[in-house]
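Multiple structures are listed underneath, in structure tokens.
Across the two complexes that follow, subunit A remains constant while its partner is subunit B and subsequently subunit C.
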Partner chain A sequence: MTIANTGPLAPVATHRRRPYGLLLVATPVLLVAWLVIWPIISAVIQTAFVTTADGGSAVSLETYSFFFSDGYSLSNLSMTLWTTGVCAALLLVVCLPIALYLRFSDSKVAAYVQGLAIFPMFVPSIILSFAFIRVLGPNGTVDLLLNSVGLPHIRSPYLTPWGPVIGLVWDNIPLTVLILLSGLGNVSNQSVEAARDVGAGKFALLWHIILPRISNSILVAISFAVLGIFSAFTLPYILGPAAPEMMGPFMQRTFRELLESKTAITQAVVTFGFCIVFGLFYVRSVAKNRAA
Partner chain B sequence: MAATLVSRKTDWTGIIFAAVLTLVIVFPLVVVGTWAFTNVWRYPSVIPQEFGLRFWNQTLARADVWSSISTSLTLAFTVTALSAAICLPAAYAFARLDFPGRNLLFFSFLAGHAFPKFGLLVAIAGIFLQLNLIGTFWGVVLIQLVGTLLFMIWIPVAAFQAVDRRMEEAARDVGASPFRVFWSITLPQAGPTIAAAILLSFVGTFYETEGAWLIGAPQVRTLPVLMISFINNQPVIQYGAVLSVLLWVPSFIALLFARKVVNSGSFARGFGG
Partner chain C sequence: MSVLKIKDVSKIFPNGTTAVDSFSLDVADGELVCLLGPSGSGKSTLLRMVGGFETPTSGLMTIDGEDITRVPPEKRPTGMVFQSHALWTHMNVFKNLAFGLKLRKVPADEIKRRVEGVLELVGLGGYGTRSVTQLSGGQQQRVALARSLVLEPKILLLDEPFASLDQHLRERLREEVRDIQQRLKITTLFVTHGQDEALSMADRIVVMRDGKTEQIDRPDVVYREPQTPFVAGFIGTMNLIEGVVANGVFSKAGYSTPVPVSDGPVTLAIRPEAVDLTAASQNAHGKVHRVTDYGTHGLVDLELLDGTRMKAMVPHPDLFKPGQGVTLALRAVAAYRDGAVIYRTGVVTPVSHPALVDA
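Here is the complex of A and B:
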């Protein structure tokens, strides 16, 4: 009996090499082809061609030139870029210390901190939105507490660009911490000990020993966050300002309320374009991990 | 562990992290929980004037709440059942059979994850528009089904690959039919992991908001969609609070069962970490 070498998936015995496996996988594969790959191709084709007067079709980037010359579309795009950038930076600032602490601590408190850091994964973003409004919204709990000690109200982040930022960071903490923690598993205790023995301070340790070893995990965490945040819908729709709005609510409104499906699909293709580098990097990393 | 950056005596770093995270992550949810059991809470009192279950009765007496609970459950059951029916045989084939294009097709399920999700949903909605699937139950089923494919194939593939092949071959040697081997040997070993995948896809579908809102609303109104309209248009705060507590139940069940899976390193690696 010989073993077929089939790459990433574990090899199976060749005497079973029968194409009826294809039949078993056909339905989900066709579903992906029909509802993932075809819509993307169709979106690009639909927005890049126009019907000419004689019934034929010609390449035209009219819808894109409208998007990139329309002030409102551009301010929505720049608001989305701003939110994504601020969220990604905040996520790193918040999650890297948590992950470092969890990796190098074995105290009882660490288990509790890890439980808390992962907890938002089990809170649907719709409940988070409601909790946000009750706590940070007008006359929310923070206002109540400030009022009770005689301090003035906060300027509520609800319905400002900071609303979605706070919500999206909260929502993305668990996976960012888990991905960074998984990367920190590659930093051996010996290398940390060795660096300390030769007198490296905490900062030098972080900069020269730890960060170079987890740079790939940091990029994966950022890519994952960017893909999720760039076209986020629920949190910006509920917590963000009405205008300018992020691309998610903007596309939804264009599609369902203005009924301009071609314009909405153009906006979708624009989001694909801005995220393609992160998307390909992310998928490549996941595939590499699965194959390993 | 030999190397600890944090000193063993009093873990001040940990205590500070624990305090800040409790304040930021647990406190807002406690506030929502308090609102759900409050009859009267007028500004500027720091604690409610009157606790009670009055709004549970009122919320549960609303027809729109019950119809969205049944819509959500019907959707989640339909999507999970369809997903299991098409994905589990496929997972078995990927794990055990060899066929042309096996690796390429296996990784094709990642395709959707290279694009920002809502952009992809809008592109799919463009296709559904031509097929008149906008605002229909089956349109929402299809869009949520696509979202479950990756997990429902990749996790069971790992489960089937982990089954001890020698036991299967021993059973075959003493004359068991392939079906008998699958039923008595393979399934019991792979079962728990497959059950976890099914639970995750059920819970994921139950909370799926963006596809349901873009494709289904307002005709197909799931619980999260109803919750959005409560947040936007409902002046009585307690309705939203009670609905939040109700909505959280499936997540709580998932939390009880899935915590071990999530905390294991393999879960983070599944996300590319």
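Here is the complex of A and C:
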């Protein structure tokens, strides 16, 4: 057997992987790290240390123990949780029927309903707040109309806990409807018809077929709404009561009026702690969808 | 006993489109009737009206004498199998089948017995705990069929159930479905645009066009004795040749054949298997354009002297070559005028296929 000498081996072409993709995402990632991640870490560090008498620093959860032992802080937190919970529930109650109607209706009216449902997205919160005051506030349009027909004054929700609830629900309708509508888009007409074919009435259809199929979308919609509502500022500040107040105005007042920056940062970290739970729900839901 | 009667049913959509036009049909107990037609012929709309998913504009539908015309789908004694299976992916196979029974408040042990029985029937015994997304297309379609059968509907409706499956699986499944349908003796209405599906499965075929009935007959009759040129052209392969009859003779591009009808234009319909070809170097009626060998037989694409194309089935395709001159003799023809058959010779005897002769 002879072996032909074929000379030196030709150089193997090296396949260089150029990091174009990483470069493209580098800027937003760095911005998020700088403007979001770092302030979080910084806030946690600042609130977890206290300055000692000799000018040094020591680990202490003093600010947190103050927050969770202070009745006013706790009532503000509980007011925020109440507002968020009520808003989330109301958003589902209001938006799910709208989304179901838009998904399954063949009527021409559906296009107008969709337009109306999306309209609040284009109205800034500050304008919404003053419109709310002009309509539902004392001596507002509703009051004037009631007076004109001899009916008594309404008990205005303005400057009560229901003020921010109404404003925040109205403000969050578009996003919630759009997310639910997108989820309902994945429920095929044939799967609905198949359910009706085996005997499902409207309620059984909703409960056993539609809701389980859009559970991820509901979770995403609620997570988005909760994240926005929990840290809302403008609407609770203008429409809500002075005390107790939601965490947004509370933080601002602690920082600007009381000049207690560390206490305000503690309030922010506590708020973040609640929001991150819903953030994780959202991330889990997205990951689950991708895996599916 | 489950008898479906459809009488003068029409469906006009809000945009003015007439999908079904005065359609009538009686489906006997245990019969499988195929609605066959091209896209837009109204067959799916008709099936959806029987299932309750569309409301007829006019007409009457009854099952065992009970008027179901305005009854919603959830209250009809019908079961529908959809083209896209329409399984609920958030439920496993067992739950998909049990859902309808639970709605009817059937006891749990009875549900278990019936679901397992039907899964065995469709060849999916032991698949109850599987997620429907883990099943193949064929298995999903069997689950969809089982979901309808488990409710023991009076009428089974199949809306192109094999359309999304590959040819091999489709052929296997249609045999299985036919077996199950015959075993259960369930009255079935089947929509398809596949003529082979209709010919192989149906007791009767309804050929539809533009929302109307073109012909209702047994598959062999629809194939061998089509009543209109549309049915002739739609079912199987058919040579439709326009020409003129004068003095009882149809002439076209140098070829003539007796057609004893009154003078005037006719459409001659000839099945490829009714054309006898002979190679000829002189006085040829046409020449071979292409030869396709299907193994069991061959199909010769001919070009007559005036350029008219015809197909002829031959037992030995290797005897013909493109460009070769041929003469033709027609063993069976039908003639149509004004959309109706006016003359027909005897039934065509199929050409003996070498493969069958050898067997």
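In the analysis below, the second predicted complex is superposed on the first by the 247 of 292 C-alpha atoms of A that agree within 3 Å, B and C clash if a C-alpha of one lies under 4 Å from a C-alpha of the other, contacts with A are read in each partner's own complex, and residues count from 1 in each chain.
Everything below uses one rule, namely that a residue touches a chain if its C-beta (ideal position, glycine included) is under 8 Å from a C-beta of that chain, and two chains touch if they have at least 3 such contacts.
It should be emphasised that the depicted structure is a prediction, and the values quoted were computed from it without experimental measurement.
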Residue contacts with subunit A in the superposition, subunit B compared against subunit C: B
Which of subunit B and subunit C A:Pro241 touches, first, second, both or neither: neither
Which superposed partner A:Val113 touches (first subunit B, second subunit C, both, neither): first
Touching partner for A:Arg213 - first (subunit B), second (subunit C), both, neither: second
Subunit B versus subunit C as contact partner of A:Glu193, first or second or both or neither: both
Common ground on subunit A, meaning residues reached by subunit C in one complex and by subunit B in the other: 190, 193, 196
Partner subunit A, residues of subunit B touching it in the complex: 1-6, 8, 11, 13-15, 17-18, 21-22, 24-29, 31-32, 35, 43-46, 86-87, 89-90, 92-103, 105-120, 122-127, 129, 142-143, 145-146, 149, 153-154, 157, 161, 207, 209-210, 213-214, 217, 224, 227-228, 231-232, 237, 240-241, 244, 247-248, 251-252, 254-255, 259, 262-263, 265, 267-273
Subunit B contact footprint on subunit A (complex, rising order): 4, 6-10, 12, 14, 16-22, 24-25, 27-29, 31-33, 35-40, 42-43, 46, 97-98, 100-101, 104-110, 112-114, 116-135, 139, 141, 144-145, 147-148, 170, 173, 175, 178-183, 185, 189-190, 192-193, 196, 202, 205, 217, 220-221, 223-224, 227-228, 230-234, 237-238, 247-248, 251-252, 255-256, 261, 264-265, 267-269, 271-272, 275-276, 279-280, 282-283, 285-287, 289-290
Of subunit C, residues touching subunit A in the complex: 51-53, 72-75, 78-80, 82-84, 86-90, 99-100, 103-104, 144, 147-148, 151
List of subunit A residues in touch with subunit C within their complex: 188, 190-191, 193-201, 204, 208-209, 212-213
